[in-house]
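Next come the structures, one after another.
In the two assemblies presented below, subunit A is common to both, partnered first by subunit B and then by subunit C.
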Partner chain A sequence: MDNLIYLYGIVPENEISAAPLPSFKGLDNEHAAYTISINGINAVVCNLDEAGYKETELEKKTNDPQWLHEKAFHHHEVLLDLNNRYTVIPMKFCTIYENADSLWNKLEPLEQKIAEQLKWLKNKEEWNMKIYCDDEKLRESVAAHNLTIEAKKKEIEEMSPGRQFLEKKRLDQLIDQEALKEKETFSARVHEQLTEMCEDTSVKKNWNKKVTGRNDEMCWNSVYLLSTENVEEYLSEIKSLQDKWTRDGWHLEITGPWPAYHFASLT
Partner chain B sequence: MAIEQSTQSSNLVDVLETVLDKGVVIAGDIRVGLADIELLSIKIRLIIASVDKAKEIGMDWWETDPYLSSKAADENQEQLKKENEQLQKRIDALEDKIAHDNRFI
Partner chain C sequence: MSYRQEFENKDVALIDILDVVLDKGVAIQGDILISIAGIDLVYLDLRILLSSVETLVQAKQASDRQLSSKQFDREKEELNRAIRET
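Let's look at the complex of A and B:
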C-alpha cells in the first residue's frame, strides 16, 4: 500500500543532530514519526496509509468532531514537544503530501526562506493573552469612578421624582456605553504596554461565551512573539497588571509558550 | 494568575483555532476544507462537557434504558419473559388448587 507523508514542522539541522528526535507514534497512532533530511532542511513527518487518508477519506474524518478533536490535539502536542526541544516552523494541521519527492519539490524552492525563518525564530516564544471582563463589576467601577457619570448623578438628585425615573434609565444606558468604552481602552492600553517588549504581535478575534464556555466576556485576545530573555519581564508585567485590576472585574489569562503558529511564515 | 501550558481542554478553542487555521501553509497534495471553527469548537466542547458531566454524577441511564441501549432492551425482554412464566405457574397452581378444593365440597 502506498504511503502519504504528513508534515508536522521543520527544525534546524544542527539542533536535530545534537538531540535526535524522540520516538513517538504519528497521526494514525501506528506509523512512527521520523525526520527527512535533505540539503539541510529537516522535516518532521510520519507516514499515513493512502487508503485511509486520501482526500475523500480525510474529508469524512474531518467532518467527525471527535476525530478532529483527537487529531488536532495530537498535532498540537507533537508541535509543543518539538517546540520544547528545538526551534520549529510549525505547519498547519493536515499538511499532507503524496510522497517524499512531492514534499521535497515543495520545500526545495523555500530553502533560503526556511533557513532565514529558523534563524529568526531561534530563542523566541509565542504567548497568548486574553482579557476577560466581569460586566457587573466593571459597571460598578465605571459608575463609581467615571466623571461624566458622577456629574450626571448629581444632576439627577436635584430633579423632580418623575424626571428622576426617566433620567436614571438614561444614566443606566450611559453607564453601559462608558463600560464598553472602558473595555476597549483598558485592553488596548494593556496591549500597548506589552507590545513594547515584544518582537511582534497580532490581535485575534474575541470568542463569544458559547465558544469559551465561560461566564465572563472575552474582550481581548492577542498573541506576542518574545525573545526568550524578555519572557520573564513580560510575565511579571502581566501579573502586576492582574493584581492591580482584579477588583475591577478584569481577568488576564496567559498561555504559552506556543510554537510560533502566528508568526512563522514562508511566504 | 494562572500561566498554563496550552494543552488543557480549557484552551480547546485556542488549540483548534491555532492548529486548524494558523501555522505555516505550504500547499500539500491532499487538500482538506475544514468547517467553521467556532461551530466546531462548540460541538467538541459539548461532547467533552456531556461525557465529563455524566461521569461526574455517575449517570449511566442510557445503559439501562431500552430505548437507548439494545443490551438493556434484551435484558428487559428476558426479565418480562421470566415474570410471565412465574405468573403463569402461579395461575396454574391456583387453578389446580381450586379444581382440587371443589372436588371435596
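Let's look at the complex of A and C:
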C-alpha cells in the first residue's frame, strides 16, 4: 500500500544530530515517526496509509470532532516535545504530502528561508495570554469610579420619580458602554507593558463564553515571542499584574512555552 | 521557585490548544489540503462531546429508535408490496 507523508515540523541539522529523535508512534498510532534529512533540512514526519488518509478520507475524518480532538492533541503533543528538545518550525495541523519526493520539491525552494527561520527562532519562546473579566465586578467598579457616571447619578437623584426610572435605565446602558471601554483600555495597557520585553507580539480574536465555557468574558487574546533570557522577567511582570488585578475581577491566564506557532513563517 | 516553574505548562485548557493548533502553525502547501470548520464550531462540537456522556447515550438511544423505526417502515413496505403482488 502506498504511503503518504505527514509533516510535523522542521528542526536544525546540528541539534538533531546531537540529540536523535526519540521514538514515538505517528498520527495513525501505527507507523513510527522519523526524520527525512536532505541538504541540511531535517523534516520530522510519519507515514500514513494512503487508503485511510487521502484527501476524501481525511475530509471525512476531520468532520468527526472526536477524531479531530484526538489528532489535534497528538499533533500538539509531538510539537511540544520537539519544542522541548530542539528549535522547531511547527507546521499547521494536517500538512500531508503524496511521497518523499513531493515533500522535498516543496521544501527545497524554501531552504534558505528555513535556515533563516531556525536561526531566528533559536532560544526564543512563544507564550500566550488570555484576559478574562468578571463583568459584575467591573460594572461595580466602573459605577463607583467613573466621573461621568458619578455626575449622572447626582443628576438623577434630583429628578421626579417617573423620570428617575427611565434615566436609571439609561445609566445602566452607560455603565455597560463604559465597562466595555474599560476592558479594551485595561487589556491594551497590559499588552503594551508586556510588549516592551518581547521580540514580537500578535493580538488574536476573542472567543465568546459559549466557546470558552467560562463564566467570565474573554476580553483579550494575544501571543508573545520572547528571548529565553527575558522569560523570567516577563513572567514576573505577569505575576505582579495578576496579584494586583485578580481581586478586581481581571484574570490573566498565561500558557507556554508553545512552539512558535504564531511567529514561525516560511512565506 | 522560578516563575517559569510556576507557569510552565500549567492550566492549559482545550481552547488554548485548539486556538493554536487549528488556527496557526506554518502553512506551506502540502499535497493534501483539508478545510476544518471554524475552530469555534469544532470547539463547540467538542464541548458537547466531552461535557455530557449522558447526552451521548441519549443520542444513541434516539438513533437506535430511529433505526428500528426505519426498519419497521421497510418491513411494512415489503409486506405491502407482497400483498399487492398477490
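Rule of thumb we're sticking to: the second predicted complex is superposed on the first by the 267 of 267 C-alpha atoms of A that agree within 3 Å, B and C clash if a C-alpha of one lies under 4 Å from a C-alpha of the other, contacts with A are read in each partner's own complex, and residues count from 1 in each chain.
One rule holds in what follows: a contact is a pair of C-beta atoms (placed from the backbone, for glycine too) under 8 Å apart; a residue touches a chain by one contact, two chains touch by 3 or more.
Please read these numbers as outputs of a predicted model, since none were measured by experiment.
Engineer: Give one word, clash or fit, describing how subunit B and subunit C relate on subunit A after superposing.
Structural biologist: They clash.
Engineer: Quick check on the superposed pair: does A:L118 touch subunit B, subunit C, both, or neither? Answer first, second, both or neither.
Structural biologist: neither
Engineer: Does subunit B (first) or subunit C (second) touch A:V231, or do both, or does neither?
Structural biologist: A:V231 contacts subunit C only, not subunit B.
Engineer: For A:I254, decide between first (touching subunit B), second (touching subunit C), both and neither.
Structural biologist: both
Engineer: May I ask you to decide whether A:I131 touches subunit B, subunit C, both, or neither, giving the answer as first, second, both or neither?
Structural biologist: So A:I131 meets neither subunit B nor subunit C here.
Engineer: I'd like to know which partner A:V190 touches here: subunit B for first, subunit C for second, both or neither.
Structural biologist: neither
Engineer: Looking at A:V142, would you say it contacts subunit B, subunit C, both, or neither? Reply first, second, both or neither.
Structural biologist: A:V142 sits against neither subunit B nor subunit C.
Engineer: Counting only touches as set out at the top, which of subunit B and subunit C does A:I96 meet: first, second, both, neither?
Structural biologist: A:I96 sits against subunit B and subunit C alike.
Engineer: Name the contact category of A:Q242: first (subunit B only), second (subunit C only), both, or neither.
Structural biologist: first
Engineer: Counting only touches as set out at the top, which of subunit B and subunit C does A:L27 meet: first, second, both, neither?
Structural biologist: In the superposition, A:L27 touches no partner, neither subunit B nor subunit C.
Engineer: Subunit A residues touched by both subunit B and subunit C?
Structural biologist: On subunit A, the residues that contact subunit B in one structure and subunit C in the other are 4, 7, 9, 53-55, 58-59, 62-63, 65-66, 68-69, 72-73, 75-76, 80, 89-98, 102, 106-107, 110, 128, 204, 207, 210-213, 235, 238-239, 253-256, 258, 261-262, 264-267.
Engineer: So in the complex, which bits of subunit A are touching subunit C?
Structural biologist: Going by the criterion above, the answer is residues 4, 7, 9, 53-55, 58-59, 62-63, 65-66, 68-69, 72-73, 75-76, 80, 89-98, 102, 106-107, 110, 128, 130, 204, 207-208, 210-213, 221, 231-232, 235-236, 238-239, 253-258, 261-262, 264-267.
Engineer: What residues on subunit C touch subunit A, complex-wise?
Structural biologist: Checking each residue of subunit C against subunit A gives 2-4, 6-37, 40, 42-51.
Engineer: Which part of subunit B faces subunit A closely enough to touch in the complex?
Structural biologist: 1-7, 11-35, 38, 40-45, 47-49
Engineer: For subunit A, which residues are in contact with subunit B within the complex?
Structural biologist: 4, 7, 9, 53-55, 58-59, 62-63, 65-66, 68-69, 72-73, 75-77, 79-80, 89-98, 102, 106-107, 110, 128, 204, 207, 210-213, 235, 238-239, 242-243, 252-256, 258-259, 261-262, 264-267
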